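In what comes next, chain A is part of two complexes: it sits with chain B in the first one and with chain C in the second one.
And now, the complex of A and B:
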């Protein structure tokens, strides 16, 4: 419908409707602007300044970004973060899928999945504290191994990259349950007919998974993997709880580097530059991944 | 329909908020010198001690502290810095001496306490030496909340069993450590997080106090041969198995109690932790001043840590905060504080509850000892952060110290270049 086909009265009514609509959405827009857009703009502005949290920020252009990429500790953080992205895809998502596949068709499968969900109720810091007790130099794991006569154990939280690997496993302990739950929902939503047809054709086990279940799980896998990538890119709490990024900066992630520069060193400009970098990387990774996974050629 | 008004609204709101955010804060001093004073501290664990002190401050100065304790130092620092932009800047808060305090004073955010210090020194309530740590450009800011000397605590039962007496020279200390190691007892405690600096501090200042001061001012480089030699001494000791497992999460006081190690280099506030772990001062544990590495030094250097109590210049409770600060320096307040906290007192006229701490205070302020600022306060924050990480990495994997020192020096070069 175009403006020419409307009477003057209808046009007036439409304008009134638009104004009242704007009035209704304005408070929401304002809240979003102040709470979401403003911090983003402010952080981007700070990343181009030198600022110690006192006085006024001093414009330094791209100096923080140059300093950031010059810092070998930052490059180490990027590599650790990539390890987290890869590790959390392989372990919590992979095991979650395995648990879902093994239990979704079983009688009483819910009871088998339930224990995996319990750790999800804990905060990341809580998980960190518990696993620190287990993995520290004289912790529960070493004591248990010593009881079996194994004394020469690795220094789980001291040697890199072992410390990052064990922290990924601790995260998996917490994250498997929710991934299993999501995959189970996906499996339960698959229509019965194609499954039964495939079974009648003799498809079972891996063949059934590869040809029927996996393609039909794709929309849900896209969401689970997408969430996992975003969550792992901003890994902070469990590392802060277990190693504080140490020893040295061996297990630091990007989120931890951002926190240290901003709040420990009071380098608000440099911390903001890392925050902007992390935001851009997360956005690009999410957009590229979701666009590739959810494109129309996959029929979603 | 895509309306241009929505992006415009967002832009206008963002711009308005930016203007608001950039406005400075602050409030008028209400002039009250009695009442309830809002007090913020990063020592959340000490909150009951401050509350206990209220009974004395209410009768002595008619002021009651309303204490808010933070347990995360970084979060606390950010909170205090942001508060200066509001009309809620604190009437009293704890901070750190050294570069962190200088930073606030440079921005005119801290109330001067020159008059309070003049009176306290005249009354003999505080040593003029301590005033130096609180003096910036000839004026004083804040008052000392506490004072701690960094000494060596030891497990008396282990020393007795091994027939080891308190070492009075560096050679005796080395001999004691070697004897303990031979007997299968780890001599020293260490950790790879936060408290990673004290052995470095002890070795450098004990070798040459000028060298130590030079690191704090940038005149000495971490890569200078003297520092490398000192780190190699530390490496030799690490390789000899003189230090505890760096990855242990056992509470240090509990570790000393159960004999995981025989000695621990800590501030004199550690008495409180050891008492809390069930050890008895003078019976189960004792302490000694660590002898200088260089026996040719005229005076034995002792690291001192002093945390300030500050008043914000633009606080509505500025007068009240300053009135409390003045009372805080008095023997009455410091006697009550020492009883509440179990700590040494900076005021020589105060009565110290624990005889071991009283003796320590008398010893280190007497002839033959000189006090120097602890590494944590003496070192500019960006250098300190890297140094703590690098010492932690060295402790976790003791090896050639040069790469660790180079990493610290790289940060120091950046920092001192920015200061020029």
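And now, the complex of A and C:
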């Protein structure tokens, strides 16, 4: 649409809409700018300073980043976070896909999916309360194992890295349902014709999955995987609720390390540096699914 | 794993067994939250003993100010998403219907607010809230919850409005309607299902928030319910476990019930947000 094709009246009207459009978008932009972007910039600045909340921040360049990578506790936190990323990909996404495939076109599938959906809307702390209780020494799990004659059980929430693994499983308990729901939506949107054609040709089971279902689920899988990676990088609530990152710093994740350095140790600069590091890693991971999300959109 | 050959019976059986395993923690929660503090023992978790659930819930509401937290959290979870949904819809309307110049750039600017972790804004918010008197106020909590709900809301509404033919807008213009009127009387009503979907998703998210409550509030009346539950767990987790479990049940029930009854909207919201 070029300007020449429009009458002066239409042009005036279009300009009027453009002004009006600014009015409609302004509240969103202003709120996001003041409450999200401004703090973001301030944190980035603080990461280059020494600051404890009193007086003024003192410029120290990259010193916080050097200190961060020199700290074995931080390296442990990075490794735990990686374990979270890998574990939550393997278990909740994998089982979620399995449940979706099993309930697909199955009579009563909606009901059979229900048990997996119940934990989904729980808070991380709620999940932590339940599982801390189950996993405590001589708790529900140990009692069940003892009934099967297994008396010598590990200390689930104390021994590292086992404590991180069991917390990942608790998160999986919560997350399978939503992944199953998403994969189900994906499966339901697959057109019938290629499926029927493949079945006529005798494709079944694994071959049907590999040749038809998987390629068609790929875009959705990219989204689910991307979401899972980004969410696991930010893991905080459940760890804070179940082990507080302990014993010592054994089960800390990056989000937890940032919280402790900032709000427990008042190391504002160092805490900000960890936040920046976490953000950079998250952004790189986000690109994986943002590309998917934005490219498939109707361009405006 | 064969999909068609494997009989539906076998698939049902596998799912039923797996489903039962999934329900075990829920069973344990219910059974032990119902035990009175006197009969509760950490050694006998699988067997129900008595039914003191309501007493425990009443007790939990007293401990750690859970009752006050519940009222405040309800306020946050209703007001913040309601504002965010409208602000997000207005942004989507500006970009899609009014064809805002550089609309896509504006959209990315708003949506970009959701891609980084909360850790990136916690400290400055805490600092600024402390200086401006917003720290530990209900207003302050509503403001921050609204802000973090806007990007997703704008994202979904832009997608939704993109699916509406532009001549709907043009027809309304010919009728002489103002842009505000077109937004409020034509676009918003058409989007009601998407608005509800976003509202439910964000209300659940806010109800379940722990971190923002932990950093930006401290009193029982302002502190969100999940943050209060966490405090209760660390204070009374040893001595009064059944009360804490009852508290956990109470805190979890609203979102679980809301989710189970609005699955359709949830799925729709998730789908709108992700395709």
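Here is the rule we go by: the second predicted complex is superposed on the first by the 260 of 300 C-alpha atoms of A that agree within 3 Å, B and C clash if a C-alpha of one lies under 4 Å from a C-alpha of the other, contacts with A are read in each partner's own complex, and residues count from 1 in each chain.
The rule we apply is simple: a contact is a pair of C-beta atoms (placed from the backbone, for glycine too) under 8 Å apart; a residue touches a chain by one contact, two chains touch by 3 or more.
These numbers come from a predicted model, not from an experiment.
Once chain A of one complex is fitted onto chain A of the other, the partner contacts of A:22 extend to both chain B and chain C.
With both structures placed on the common chain, the touch criterion links A:155 to chain B but leaves chain C unconnected. When the two structures are aligned on the shared chain, A:120 is found in touch with chain C, with no touch to chain B.
When both complexes are overlaid on chain A, the residue A:249 reaches chain B alone and has no touch with chain C.
Note on chain A: of its two partners chain C and chain B, the one contacting more of its residues is C.
In the superposition on chain A, A:258 makes contact with chain C only, not with chain B.
When the two complexes are overlaid on their common chain A, residue A:228 makes contact with neither chain B nor chain C.
Once chain A of one complex is fitted onto chain A of the other, the partner contacts of A:237 are limited to chain C, with no touch recorded for chain B. Within the superposed three-chain model, A:138 lies in touch with chain B and with chain C [touch as defined at top]. In the overlay built on the shared chain, the residue A:55 is in contact with chain B alone; chain C does not reach it. On chain A, the patch touched by chain B and the patch touched by chain C overlap at residues 18, 22, 25, 29, 32, 34, 37-38, 42, 53, 132-133, 136, 138-139, 244, 259, 262-263. Put simply, chain C touches chain A in their complex at residues 1-6, 8, 11-12, 14-16, 18-20, 22-23, 25-26, 28-29, 32, 42-46, 87-88, 90-91, 93-96, 98-101, 103-104, 106-107, 109-110, 113, 115-128, 143-144, 146-148, 150-151, 154, 158-159, 162-163, 173, 179, 183, 204, 207-211, 215, 226-227, 229-230, 233-234, 237, 241, 244-245, 247-248, 251-252, 255-256, 258-260, 263, 266-267, 270-271, 274-275.
Contacts from chain B toward chain A in the complex involve residues 1, 3, 5-6, 9-10, 13-14, 17-18, 21-22, 74-75, 77-78, 81-82, 84, 103-104, 107, 109, 192-193, 245-250, 381-382, 385, 389-390, 392-393, 395-397.
Interface residues of chain A facing chain B in the complex, by the touch rule stated above, are 18, 22, 25-26, 29-30, 32-34, 37-38, 41-42, 52-56, 132-133, 136-139, 155-159, 243-250, 259-260, 262-267. Taken together, the chain A residues at the contact with chain C in this complex read 13, 17-18, 20-25, 27-29, 31-32, 34-40, 42-43, 46, 53, 98-99, 101-104, 106-108, 112-126, 128-134, 136, 138-140, 143-144, 173, 176, 178, 181-182, 185, 199, 204-206, 208-209, 220, 223, 227, 233-234, 236-237, 240-241, 244, 255, 258-259, 262-263, 268, 271-272, 274-276, 278-279, 282-283, 286, 290, 293, 296-300.
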